[in-house]
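Common to both upcoming complexes is subunit A, partnered first by subunit B, then by subunit C.
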Partner chain A sequence: MAHPTETSAVRSDPPAERGGLRESLTVLRSSKTAMVGLAMVSFWVLVALFSLVSTANPYAQDGSAPNAPPSATHWLGTDDLGRDLLARVIHGSRTILILSPLSVLSAVVVGSALGLVAGYRGGIVDEVVMRLLDAIMAFPTILLYLIIIAALGASPANVVLAITIGGVPGIARLVRSLALDIRTRDYIYAAELAGENSFYIMFVEILINARGPVIVDSMLRIGYAVFSIGALGFLGLGLPPPSPDWGSMIARGRSFLQITPWAVLWPALAIASLVVGLNLLADGLHEESVRYQ
Partner chain B sequence: MTSGSRIPIDVPVVQAHRLAIAYETRRGDVLAVRDMSFEIRRGETLGIVGESGCGKSTVAFAIVSFLGNGRIVGGDLLFQGRDLRGRSEQELRRLRGCQVGMVYQDPMQALNPSLRIGEQLSEVLVVHQRMDAPKARVRCIDMLQRVYMPDPEAVMQRYPHQISGGQQQRVVIAMALLNNPALLIMDEPTTALDVTVEAAVLDLIADLRRQFDTAIMYISHNLGVIARVSDRVAVMYAGELVESGSVADVFLRPLHPYTEGLLRCVPKLGTSKESSYLSAIPGRVPSPDRLPPGCIFEPRCPMARGTCRQSRPELRHSAGRGARHLSRCLFAEELAEEGREQAPVPAGAVCPELGSPEAILNARSVKTYYRQESSSVLSLVGLGPKPYVKALDDVTLHVPQGCTFGIVGESGCGKSTLAKTIVGLQPLTDGKIDFLGFDISVPVGKRDLMLIKEMQMVFQNPDSTLNPSFSVGYQIGRRLRRFGTLRRDQVREGVLRLLDEVKLDERYFSRLPRQLSGGEKQRVGIARAFATRPKLVLCDEPVSSLDVSVQAAVLNLLMEIQRENGTTLLFIAHDLSVVRYFSDRVAVMYLGKICEIGPAEAIYAPPYHPYTEALLSAVPIPDPSVEQKHIRLSGAVPSALNPPSGCRFHTRCPRRVGAICEQEEPPPIDCGDGHTIYCHIAVEELRLVEAVITAR
Partner chain C sequence: MEIIRRQKKQGYEHPYVPELKELYRQGRISRRTFLRNAALLGVSVASASAFLAACTTQAVPTVAPTSPPPTMPPTPTAVPTATPVPAPVVKRGGVMRFAQRVPGIDHPARFSWGDESEICRFSIQYLTYTDRNNITVPYLLEKWEASEDLKTWTLFMRQGVKWTTGETFGADDVIFTMNEWLNPDVGSSMLGLFSNLSAANVEKVDDYTVKLYLDSPTVAVPENLYHYPGHVLDHRTFEGNWLDNPVGTGPFIMKEWSVGERAVLEARKDGLYWENGADGKPLPYLDGITAIDLGGDETARVSALRDGTIDMIVLMGVGYQVAKELTGVTIDPVTTAMAPVLRVRVDVEPWTDPRVRKALKLCQQRQKILDLAYFGEGMIGGDFHVAPVQPEYCPMDPFPYDPEQAKALLAEAGYPNGIDTTLTVGTGWADYVSFAEILKEGAAPAGIRININAIPNDSYWDVWTTCEMGITGWGHRPLAIMTLPLAYVCDAEGVPVSWNESGWCDEEFSQLLDQAVGTLDIEERRDLMCQIQTIQKERGSVLIPFWKNQWFVFNPKFKGIQAHPAQYMDELRFVWLDA
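For the complex of A and B:
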């Protein structure tokens, strides 16, 4: 494996500035898994964008056709109140595609900061931070969500908060282990010998080299977040009704499962395909990034 | 017992004729080895030497069909007279198990960490020869004895991590020999070992050849090692055999400019920068898919001319040489005639005033202890004893201004700890260090920025010396901005000037570290260290992970920059020849203590400290005409957790005088000219010791 890297540098003039984005696209393209995942995720992103311009009203009730099967007027059928399922699935995608990345992003920010400090500083700081996070980890995730939302009330902001708190310990552990490894590299010593302060060393020199695993981990976490938001919605702790929320749609449709499966089927498929897509994307990225190391 | 004995003696064990091996890649097949011919007979050792990426290991893997995505695409490869291609997987497995033994660089990778040595060894016999367990055990103990393993019965009961690196390699060698193989392939088996351990393993290999009458293929990048173990040498360059012949022929009368170049890249033990010049081979090994049209060495060859570019030269013998000394050079005769012994060019800056009282750095009784985490229950609750690793114990040294101060010693002797303690990356436990008259006994974070600026460091590992995420230009420029050396708008210019000083052009400014070779990364590391024009630069093994041809270039570069800036260098290395070549003053360290210190030429000549003497006699020298004293140290370096009492070297010292060595710390003996030896033996007696290395 050492030789190809050695020789690739020989290739007289590598393009001086190779954009990080284009590079990651090349990595993506070489993995079929990642491409399939990307297609599935992009589909839902497009759907969410479409919801911004769509005129279909997810709240409009068609009294003439409750629990209708797919037809020309209601492509995916209607729910028990005669609301168009297509419009509800489309509008539901918007909330989930905003809330899940947002909650993961905030978890990554908090988790990375804690992990970096614990890993780079070590000693007593490490002990205190990690034991506190262990305490959070001791709760089963769903129970933790329930406690937080029950205490603070069901709202989009509290859903994000709950998922953030649930995600921080795992991310902090990951970043800490990466920081523990990276801080022993010579370039960190070199930075210390340039009199750099620890903030610069942690958040510039170390964090940038921990990005690969953190990105892959975040992809998976967005998938879990989609699940969690769905589960919270199902339990009635997500967005307050009548918002089109995939989880609450399933919960509502469940009562009529024997009459019509459609009201459960579409949101369930939506959650499944988004999560599978995100997982495939993460797997593909991981495989490819490992292969090129 | 094996089929090896059934083959007539005159059939070579391995024979390759115009062998070509290709690797399948995304860009199509790449010919990694071309036109490689060699043979190895019983009881003969063929040394294969060349830089990394020259196809040495590929050839070895081809013999055991472990090529992965590679395959033989041309020529013949015969094992005991039979073609190796087209054999079934089962047949190959039997061949690997019974007829070919392999020993690799890292013994820890070859041994299963969760099985006892005895189980692993006897498995070989039980599986391949269907021997019953008790009988196999007896054979294994016998074999461990033959590889000079102390206390073999006890070793059989141990796990691999419980024995030292040298012993692990002995176990691997014993395992390879258990089936009495016809061929033993050794791929850099001593590269990971310390020089004293390496010497003992090399002795063992030479011994085995006589005892077992096997054919040995010995692969190494180290010319000295090859010279010591081989009968015949094959020099590989970019996948081709460029020269082959007997050791004496190849090393003393090379017929290919590449071989000659390699030999001139390494400093001969005893030469210094005042008396000779290291000539690096310019450029680097071409990748197999971008070979030059004519002679593959032509772009780097000092004697290349027009005809070299036209066609690929054939391997041939030249007039006046034996039929078995072959070279792939059109002008081999010229090389032979000229002798090409170049006039010595003094290369380095000589220490201006040796022994001048002006010391830039003074370390007094420096102690650096690491707390060892003990796993006992008592210490978990904070009640147990707190063991310390005494990485540095009472080290005192003075580095004169403008000098190169070398530090040598085996791994684990505290060289790197010393460097880290001085620059402040490791807090010191006790003692005092002052630099430019300021006390710097505090970690780097608490030092004044102006002092940090004056003391910089060049690191060992080219792969971790640069942050992989930032461009070369940014990383050097950051230094200039940090220390305010230049105005912001001049930083780019300043970086380009620094790059130019380390012989890299401006295209490197925006490159990322992974687009550079090891040598180039090391150059950038040097540029970064010298960016602020420091007074003192610590170099921690700056060349030890580079190929020899690159090594010479980096050493020359360091000397040049040092001369221009008048920098003081603290140069740490385990390679005694390099330290001798490079340094004005040298300190020899053993287990956290200095055992000998003085001017370089005095260290390498009697009187010696017994440890220095042993080190010198262990250095592999790429010159078969040199006679070396045979001193082998027994055992391994003791643990610094519980160092021996008295003189720390007494457990391994071949010149022990008696109980005093165990009881009292050795006093410093002044041998004049700032040369001090810490030993109980009287200086008159030490002076009587003859030199370790003599020309034959």
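For the complex of A and C:
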């Protein structure tokens, strides 16, 4: 057993350097669950990409066709302002597929940094960081979002900020627990003996080796973020009108649910299929990576 | 004519009444205008109706020959009466449950929302009552008289009215209540309506007569007495919080008030209520009324009505779209002077320039806004705060949609590349959000780029007088001369009055408004209103694309329910359950 004080300690290769992209793809391909999830997510990614070239205008109001049922002109029908629901669902996918990963990515960056510092440094640093994060976690997540959006106003940047702040404590806790475990490994002692600085050890040695659980967690968090953006839109605190935000589409259509259910049906199906896809992808990856290891 | 002559013999008649009759005989004013103004001058509605009937038998035209505006509501065919005539056969018993916010309250004079008065009005009543046709009639008053100069008003109390304590209602109660209104420490909005009256100028003539000596002529005193904080209080028992001792003259007694949950009223059983029903016994017919707080979500209200959880709801939004598809309910619509008012702060660039304000007005596709935001259920507005249902209304065409002219106006004002602006709107008001979205699309070709800032309704009330551009819902008032001084004038120092949310003051407008408030002659007042409307339309600070309809939706087992444009339900005392 190597020990930091032993000069004979040999730096062992961390597992991260053995796998790589090919290994990840192997894990992915070997999981049917993950492949189904990937297909569903890919569908929405393609829809979002299609919105870049689509000429359908999600804002165009057809005064002669409010709340119109699905037809040859409007495949999915129209909302109460006569706007084409298909165009709005398509353009809404782009918004949600940009904001959700972006908010999770920023939460991962901040949460990982805090978790690494707390887990690797320990002591008073750990105490201070974790208690601060506990304070944030004490707020119910949706309430935290409401407070932030109500204070700063509804905009894409503020939605990302709110979801980031809401996600940081959970990610930091995860990374901290992984860091607490990994910092006792031989290769960390070896790196310390080799004179590597703390930044290198935290972000190269520990974080790289913690990536598996963090990636799976992030996948799930993207799904939560989709939900959160939808919920904020539903509560009128998401993207400002007339953005084709799926949550606000549901909120708007809810008033007419009994007479024109399609205005709610399509954005609700969109959110559900994207979240289910992301969850299947995350679950499949998790199960297969555990089995593989 | 005999009826009219007899009335003259019996007592005072305002000098303008004969002229009013002559105007009607000549067909220069409508039936509704005659009734409203006659009632306002103290002529009983029964007498006025008799005069109208006499004119009709003499083949005098019943409708003014001047063409009504295309958006004018139809003249009511039924002659309004002071006391609605119930169905000939009535039944007693039953409880009505209706959806109504139950807010925290204390002093009725301090009410600042109609919701606060909505439940109390079954127990504490008003001196006057303005009915669904905008005709004001005596309520706790028996009658009133106005001096020729409209500065002295004599109020005659109804005799035989008893408080729920058994004490007699009279002049002392009215003077006590008015002193509360006029006391700045109480903070009543009635003080604004009676700014030309001081407590010292309220005189008790006898136990049932009070005289008001106003500093300036006011034609709308009876209407002002029905303003929602104008509940008449018992001078013997009221000590600041009505719920501590809920004494009233009304047909119901407050039994429970749970904020945010419900309010329970029970029928008065002492047999002392002053109005009798069709069966000759004191009202009400119902055993009780329960107000259930379902929040502000109309969809939830409609669902509760459909499920039978409640018996009546009032709708003024998207809920109507669902309610009209329901079977087994009765819907009574009413045209109102409620409107979404988009206003700009005239002290914020670029809205300081009237040309920019006019450019924005030219960007409204009014019919489209009405059709899509309010499903066509209302009347087109013309950017002046005078509604077709209000008697002063001067028919006037609104600006057409003309983005090219708007663009030219912006260029003339120094904005050739257009302007960027932020429109704040409450997310809970779906029709206002839709209005904002349609305006945004319509304004884009003119170069007005609108960013919509949607915030929670509660947050909107924090910024409604300060945000650069916002949409505020203004409630129904029977007279435009009640609304305009609240929202579009400044005080003597030039400071906008507290509800002047746009900060807009116009000297000529204010002068004309002062004249209109004190002008009795209908045609003269209408001429003044034409000028007032033109000023507000051309250089005012608001966009009013439409006026809203409103609906009372109820279980048809309840008979006698009538929608009221201000949502007031005083007439539930005449409602009975056909179980």
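Simple rule for what comes next: the second predicted complex is superposed on the first by the 274 of 293 C-alpha atoms of A that agree within 3 Å, B and C clash if a C-alpha of one lies under 4 Å from a C-alpha of the other, contacts with A are read in each partner's own complex, and residues count from 1 in each chain.
What we mean here is this: contacts are C-beta pairs under 8 Å (C-beta built on N, C-alpha and C of every residue); 3 or more make two chains touch, one makes a residue touch a chain.
None of these values were measured; they are calculated from a predicted model.
By the touch criterion defined above, A:Phe256 lies against subunit C but remains apart from subunit B after alignment on the C-alpha atoms of chain A. When the shared chain is aligned, subunit B comes close enough to touch A:Tyr187, but subunit C does not. After overlaying the two complexes on the shared chain, residue contacts for A:Gly82 are found with subunit C alone; subunit B is out of touch. In the superposition on chain A, A:Pro240 contacts subunit C only, with no contact to subunit B. For subunit A, the partner touching the most residues, choosing from subunit B and subunit C, is B. In the superposition on chain A, contact is made by A:Pro66 with subunit C only, not with subunit B.
Subunit B contributes residues 25, 52-53, 284, 286-290, 420, 423, 425, 444-445, 447, 449, 452-453, 455-457, 459-461, 464-470, 478-479, 482-483, 507, 510-511, 514-518, 520, 525, 528 to its touches with subunit A in the complex. Subunit A contributes residues 2-11, 13-14, 16-17, 185-187, 189-196, 198, 205, 208-209, 211 to its touches with subunit B in the complex. Of all residues in subunit A, those touching subunit C in their complex are 59-61, 63, 66, 80-82, 150, 153-154, 235-237, 240-242, 252, 254-259. The touching residues of subunit C, counted against subunit A in their complex, run 298-299, 318-319, 321-322, 325, 365, 368, 371-372, 375, 427-428, 430, 433-434, 436-438, 440-441, 451-456, 459.
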